[in-house]
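To keep things simple, chains are lettered A, B, C and D as they appear, and every chain counts its residues starting from 1.
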Amino acid sequence: MRDYEHKAQYYESDQMGIIHHSNYIRWMEEARMDYLSLIKFPMEKIEAAGIVSPVASVDCKYKKPCRINEVICIHITVKEYNGVKLVLGYEMYEKETGELRAVGNSVHCFTNRDGQIVILKKEWPEFDMALRGSREEKGGAG
Amino acid sequence: MRDYEHKAQYYESDQMGIIHHSNYIRWMEEARMDYLSLIKFPMEKIEAAGIVSPVASVDCKYKKPCRINEVICIHITVKEYNGVKLVLGYEMYEKETGELRAVGNSVHCFTNRDGQIVILKKEWPEFDMALRGSREEKGGAG
Amino acid sequence: MRDYEHKAQYYESDQMGIIHHSNYIRWMEEARMDYLSLIKFPMEKIEAAGIVSPVASVDCKYKKPCRINEVICIHITVKEYNGVKLVLGYEMYEKETGELRAVGNSVHCFTNRDGQIVILKKEWPEFDMALRGSREEKGGAG
Amino acid sequence: MRDYEHKAQYYESDQMGIIHHSNYIRWMEEARMDYLSLIKFPMEKIEAAGIVSPVASVDCKYKKPCRINEVICIHITVKEYNGVKLVLGYEMYEKETGELRAVGNSVHCFTNRDGQIVILKKEWPEFDMALRGSREEKGGAG
């Protein structure tokens, strides 16, 4: 699976002359949305099915600053998925040099619109299998 | 009616060392939401009534840059309101010096959730009067 | 010259279920940075030369809402350039349908780091010619 | 020390109808800047002294969603400070109910403009003491 690419934008810079750290959390979401599209369950489809996927937690470690116009590649990994809880890992590296810039994680669950936990294995086995499939594939490579 | 105040944030700065110009459009919205709360029609109430108020256009002229930790006051004026179209004007000035930093405008209409224009005078006369009332008050001061 | 493309992101949506209007101002900047790179004067080069290009004004008219995962193409035009003042126009349309979503403008000048106006024709004729060249090319097509 | 307050903004909402999770990282920064001002070392002063304070890592656990126009209070704690590394903790709760919405942490170091670690105890003892002082005060209350 190809890595997601984001070009760092001027409006993402701050007065330290580097990309503001909050944007990496947004890039992780960009990569996540791209990943969901790649496994054929884009967010529009998930939401149209009445399922929402709130973020339970995020973390990010900043290794080296990013600067405007750099292309940052994001390698996403399904670190954990048990049918209820999904843990994604992100490696962000600069495209030309391959230099690691940041690593992060996000934890997700799936609920219906009333906030009740949805067990994907029962209620949407195709999506459940897509998440498991991409995990195994990734696990094998990791 | 008191002016809205926003403290310019670090994450709003850019690598020019000033506040990024896109944030002023967001500050205009902050002042607009505050204005709607002041006239007793906060956005939650408007949306709960099934009415949405998309932005038809915005403009902003930048006079002098803003910097982090400056408090920017925003004076909002109802420039035009005819029951269908609402034009708001914004003067943004630095609190301590009173120095003008930017001026802007936003144009709004009101629709139902299907995107059809709502004539407030007919369908929500109390809100219509609140918008007219604040206009006259402002007009008298201008 | 190819148009710039931006995929609308989840974090750019708002609770109306559409892309928040402030992001279009940022997309205009993305397209502008891309344009500067295409004419071989990327912003890094301009800033390294000690020149800053503050935004003097922006405006945007919203025709039809954008939604997440739509690819928005931005066609940029040099509307006016006299060696001191640069006016850029932006047409934003959805890639698949070609449907116009928004049109905007931005006005720029060029200064040194002390805020003094720089006359590009004198002080950086190569950049001046690049801006003029792209104007004529665009003008001929318009 | 009073807690920092942030009113959740419309432009911070997303199409789930809640505040987008990336904004909490920005609110943590707002609270941090406010804290630095309260201990008399506002970021302008730190940067004017040639010191930058990059974020080494952040994390945030989301307990319950925030909605527009809610006032979120942020209680900041110096969890760890050894003269080189600073760990701040954040508790974010809704003002009216006191309900906890999120908890987070950020880790910081201090460098000069060339990226070299600055040992505050040696190079800026007043700032070092201000960070220690607020730690002890907080520690005593915890």
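Just so it is clear, a residue touches a chain if its C-beta (ideal position, glycine included) is under 8 Å from a C-beta of that chain, and two chains touch if they have at least 3 such contacts.
Everything numeric here is computed off the predicted structure, so don't read it as measured data.
Considering the contact criterion stated above, the chains in touch with chain A and with chain B alike are C, D. Of the two interfaces, B-C and A-C, the higher number of touching C-beta pairs belongs to B-C. Using mean Cα coordinates as chain centres, the one most removed from chain B is A.
Separating the CA-averaged centres of chain A and chain C is a span of 29 Å. The centroid of the Cα atoms in chain B and the matching centroid in chain C are 25 Å apart.
Each of residues 10-11, 15-16, 18, 22, 26, 29, 68 in chain B touches at least two other chains.
On the side of chain D, the complex with chain C involves touching residues 10-11, 13-18, 20, 22, 68. Partner chain C is touched in their complex by these residues of chain A: 9-11, 26, 29-30, 33, 37, 42-44, 67-69.
Residues 15-16, 18, 21-22, 25-26, 29, 47, 52, 54-62, 65 of chain C are the ones touching chain B in the complex.
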